[in-house]
């Protein structure tokens, strides 16, 4: 056993990352229209360690989170990363926060006044800080074309688009959601006009990428479009430095 | 504490049901075309007890299951129910088995040769035996009507139909699946012909019910059709004694 | 087809229930300590219909929900049920609302200051109104007994208790959670004292039932205790009119 | 629009990966004791493309899978990767197959005769081939120490270990599972002997790594141990070139 132990130490196979995950926590996030909105986050906090980690320090992650009382904006996000790195004497700190973001849409009386989107902030701090924003947009399409205006149209769940942005500066979640939904609508309309092709994961991926490339405040993005099927799904991915 | 205890005993609030659940188990089920097919079941086994149950008997459920080596047809299903009732000295025994059923579909070269459906056998034995079969059928519809034959059509996940049958006699799972899928196709075609309405959960519920009412070997059925949406789903349910 | 149709009508197999489900909606619920707390609900709304339902009315469910702006207490819950029954001309209306409830626990500096519990309000209105409250409590136990005070103890996920109460009058969610957690602790301590038995789903079910029987404002309850295992889980259920 | 399009092309943000995912498929895998076992796989197949992909080729993935009739061993796994790369004219091909593996354990009459483990084969072929095996092992520990032999002991779900191996040569899944379970038992016993510490994610991570380092046929491994808690989980990760 001892020899293996020495071998292991020689190979430097010490613990690489350690932390806590899936903390359910009520948070407030910035809202373009209402200034702040209340939601619930699932939080992961972990660090890269320079040497063997003592187990008793696990509670420090939660202590740090408690100090911010769930008020999460970009500034507090950065502060949490700094404090994790210091308090846990880590080489790098990581913070991930996934939450439902609610967006008011007052278009029609019959519809829900709030739509929800799964969003995440993903940050890390080593020598420099890296901050990413992830949004998941459902793609819902009309199922059967009807010529009769005003009649209810059946709609179906075609699939979804997952977008991950590396942020240089602040971006409103609302602006990002509306940009992507606009790109989906454009792609769908152009199909309806030309009339001779069906929506494909590849064409929608390119359509959304063209819109994202115009977004300021972003240094890089990746994108995954998925068409949910019955027996299996199809997907396409793309990434791009802006 | 004692008084409450007496009260509780007086009110007869003894344990009502006790058992084991979510046992993953490899099983073979009857297959109309291939005679037998191998699949994996999630099994629940529980009993109603006439008086307080001793905890040490939990292992008996698994012992009984082991004796059948995963060969599950209607006969062995009934035998397991009888043995559970006897060995656990129960008022009633319950057995539920959920599994993926694979159906060969050799229609097109480009498609998967096997489709899968979530099915369940749900049985209980008190004075009489009750056996139910449950099938979940996805409803996949063309998203955008195109006039060009042979071109790829985009399809979307409209929703699903869940059917539960009380069996008087043996029914092939294949026959049930094809009957329901036929009813969905009929309902969808009639919409395409009349051209002035979208598929609704109510009309599809009635359409499937009309087909199920013709099925022999069934004494009762219930049905639930769900249209998956983005912000929420809509559904309709129905039940019928045949 | 016509004959079957007539048969179906004769058998009165019309649509039984129809509605919307899994609406994600930000709500505020009553909080004993903080008066109100913000959380996110998953809402189901459906009705029993006296005759065939027209599909165009589905939007009315959402309209009614929007009118209450997510302020959900017992009074608004009852008002929504009344309005659903009236507007949809229904025999009975049903409203289910599931949400994470956060409870502050300031015991230890190292622990999370908020714990979360999955709760549901389940109401229906036919001739009379029925209101139920459901709470799910995780059962976390020390894994290995250690004699050294102050040392970190490893804990494991033993299982969970699901409690459903029929309410005669108002009950604080906090009071219910603390009552059940107290009952779990009592049951566990009594095992540690006697030292000759392990925690069983049956004994814990009876222990929690004894506590619930003392709760005022409740006319009936049911209870399900589950011990999560590796290959399978064991469970016991019980119900009691108070 | 055109300019952006040119920019996009200039930046080479063409589709990066494209394919199909979550195909449910009945497969047979090698079994050390019984030679072959039947199970159900969830299959992902995708490729890296040198230039823009035509959507009509999606069906080729499924065609290739159908040609192997679900007989999946290391040889057929490699053949599928080669055929995908050729038929789709890809720079690289990827195949992932996740399935439940059942292991017979005849130790005790009262226990289940089969235990199940979530396993995956993960392969890719660019210039060279890379093959990885992933296994997920639940960590179930006794909850309360009892001195009375033969008495039923309550057990709890402490957490899980996820192991990913890069294979140089063939490794039996059984051997890997038993090696990891042995390492968990050793770590747990050493705690019981010394009596002054609780099982930590860090110590268990190191304990399992020491065992894996002795396994032949492996060129690299990574490891993640997770302790499931109530409010949150803790975890540690490690990776090592052998």
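Lettered A, B, C and D in written order, each chain numbered from 1.
Convention: a residue touches a chain if its C-beta (ideal position, glycine included) is under 8 Å from a C-beta of that chain, and two chains touch if they have at least 3 such contacts.
The shown structure was predicted, so the numbers you read here are calculated from the model rather than taken from an experiment.
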Ordered by label, the neighbours common to chain A and chain D are B, C
Which chain's mean C-alpha position is the greatest distance from chain C's?
D
For the copies chain C and chain D, the interface residues, called same if over half of the numbers are used by both and different if under half, are same
Here the gap between chain B and chain D, centre to centre from mean Cα coordinates and rounded to Å, is 30
Gap in Å, rounded to a whole number, between the CA centres of chain D and chain C
36
Chain-centre distance (mean CA atoms) for chain B and chain C, in whole Å, is 25
Two or more partner chains touched - positions in chain A
23-24, 55, 62, 111-112, 116, 152, 200, 231-232
Thinking of each chain as a vertex joined to the chains it touches, would you call that graph a line, ring, star, complete, or other?
complete
Quick check: in the complex, which residue numbers of chain D touch chain C?
111-112, 115-116, 138, 140-148, 151-159, 191-192, 195-200, 227-232
Counting only contacts in the complex, chain C reaches chain A at residues 23-26, 37-40, 55-56, 59, 62-63, 65-66, 100, 102, 109-114, 116, 152
State the interface residues of chain D toward chain A in the complex, per the touch definition above.
1, 4-5, 7-8, 11, 13-24, 43, 46, 52-53, 55, 58, 62, 200-203, 205-206, 209-210, 213-214, 226, 231-241
